[in-house]
């Protein structure tokens, strides 16, 4: 069981910095097609901010912000977004993940359709990576039994 | 090369050189001090000032080809790195030393008395 | 109230980071700010309402920073001199010193601790029950503690006014 | 100015090389962790300087901001892990 650091300095500084780290993670996801980064990197930063919550406060606090149920829902929601963006192209008659064809159902030209398709892929990857990283971290710090760890 | 560019370059060179000088002093102290409590003095302080000075210099140089909006935004981003490090650097230093102290390691001293009351009575 | 202020701060930061002003990126910024606020709204500002005191504290904190920077430069010259001195082992005399503090608020304790870490020859190790454990690299620099810095931090966060 | 930045980046890389001495021969684990942190700060500045050399400042700023964040989180998590183990 992970024990909280009873340390006021780390708590206060993490309290001030965690929202900015989360905002930076979302920024990296949202600008993945124009600058370095993308879904995977942004998801890792978001997961790192939750790890910081666990380190600075404690496990129940992190669970209160981001419960196990939400985590499971997010990890499947990301795959859902990714797969449906791909299948939508397949259903419209192009290859899997060939976003240009999306201009048939979106009111934009093929270039912009490619842009938005890539963006939705980034969002899906980001959500899944964040959820899986958080579950991996929780499994590691509690030795694989974090449901019991919550009860004590 | 206008006179403004020359002045800007000189300021940037001075700032970055001082930053690197403090980095070098921190590294030398990191090698020479006797235990890790003292080594933390060298790295924690000198690296913070080194990052702040170098970031200031780099942020100034980012403005060297005109005050366009993109340049100003890049410069503000670099200053954000400096502010982040200004908050985070001392905290990381403190966290490492706190964990070392809590695991029961006492610092290297000359007279063997590790903890003394202050101010002395 | 704190939602609005944190939204403004986050959105300004988003605009600085993003640097793109089309509708798509700005709306993404709004969505991201709302997400961050909904997850961690109680982290940046803990009280839900602002008082006049907070503005004064911010102004005084900004005034405190130049003095702190000056002290940091002094500290770095001190450490650099120690590190580059050929007879370094004679000059240093490290100890952990323990002293009592008058400060009580969280923010002032943290500001004081980080200022100690950044300034001459001292690093905060532990705060416990109103006592600071500070590692000092020689006894001369420890002589100044708690001293002027505590006064200044107490002044910044108005510790003296409310008893 | 590019030559100046290149020289500074080389000096910083040399300092990183010196810091690796402590990472390899450091007597305690804490020494090695500090060494990781020191290498992190120098890499931050080298990344920013590389941004000028390759004329892609907007890209390298993001990378080095990310590096700063991860270096801070890494130090905190290391600190937490070793206080729990209680051995050095």
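Each chain carries a letter (A, B, C and D) given by its place in the written order, and its residues are counted from 1.
Note that in this section a residue touches a chain if its C-beta (ideal position, glycine included) is under 8 Å from a C-beta of that chain, and two chains touch if they have at least 3 such contacts.
Given the structure is predicted, the values throughout are model-derived calculations rather than measurements.
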Which of A-C and A-B has more C-beta pairs touching across its chains: A-C
Length of the line joining the C-alpha centres of chain A and chain B, rounded to whole Å: 32
Gap in Å, rounded to a whole number, between the CA centres of chain D and chain C: 23
Interchain centroid distance [CA atoms averaged], chain A/chain D, Å: 26
Residues of chain A touching at least two other chains: 5, 7, 9-10, 13, 16-17, 20, 24
Of all residues in chain C, the ones touching two or more other chains: 13, 17, 19, 113-114, 124
Contacts with 2+ other chains: residues of chain B: 26, 40, 70, 77, 80, 84, 87-88, 91, 94-95, 98, 102
Interchain contacts (touch definition) - all pairs: A-B, A-C, A-D, B-C, B-D
Chain A-touching residues of chain C, taken from the complex the two chains share: 6, 10, 13-14, 17-18, 20, 25, 28-29, 32-33, 35-37, 39-40, 43-44, 46, 106-107, 109-110, 113-114, 124, 127
Residues of chain A that touch chain C when the two form their complex: 7-9, 12-13, 15-16, 18-20, 22-24, 26-27, 30-31, 34, 65-66
Complex contacts: residues of chain A adjacent to chain B: 5, 7, 9-10, 13, 16-17, 20
Contact set on chain D toward chain A in their complex: 58-59, 62-63, 65-66, 69-70, 72-73, 76-77, 79-80, 83-84
Of chain D, residues touching chain B in the complex: 1, 4, 8, 11-12, 15, 18-19, 21-22, 28, 30-31, 33-35, 37-38, 41-42, 44-45, 48-49, 52, 57-58, 61-62, 64-65, 68-69, 71-72, 75-76, 78-80, 82-83, 85-88
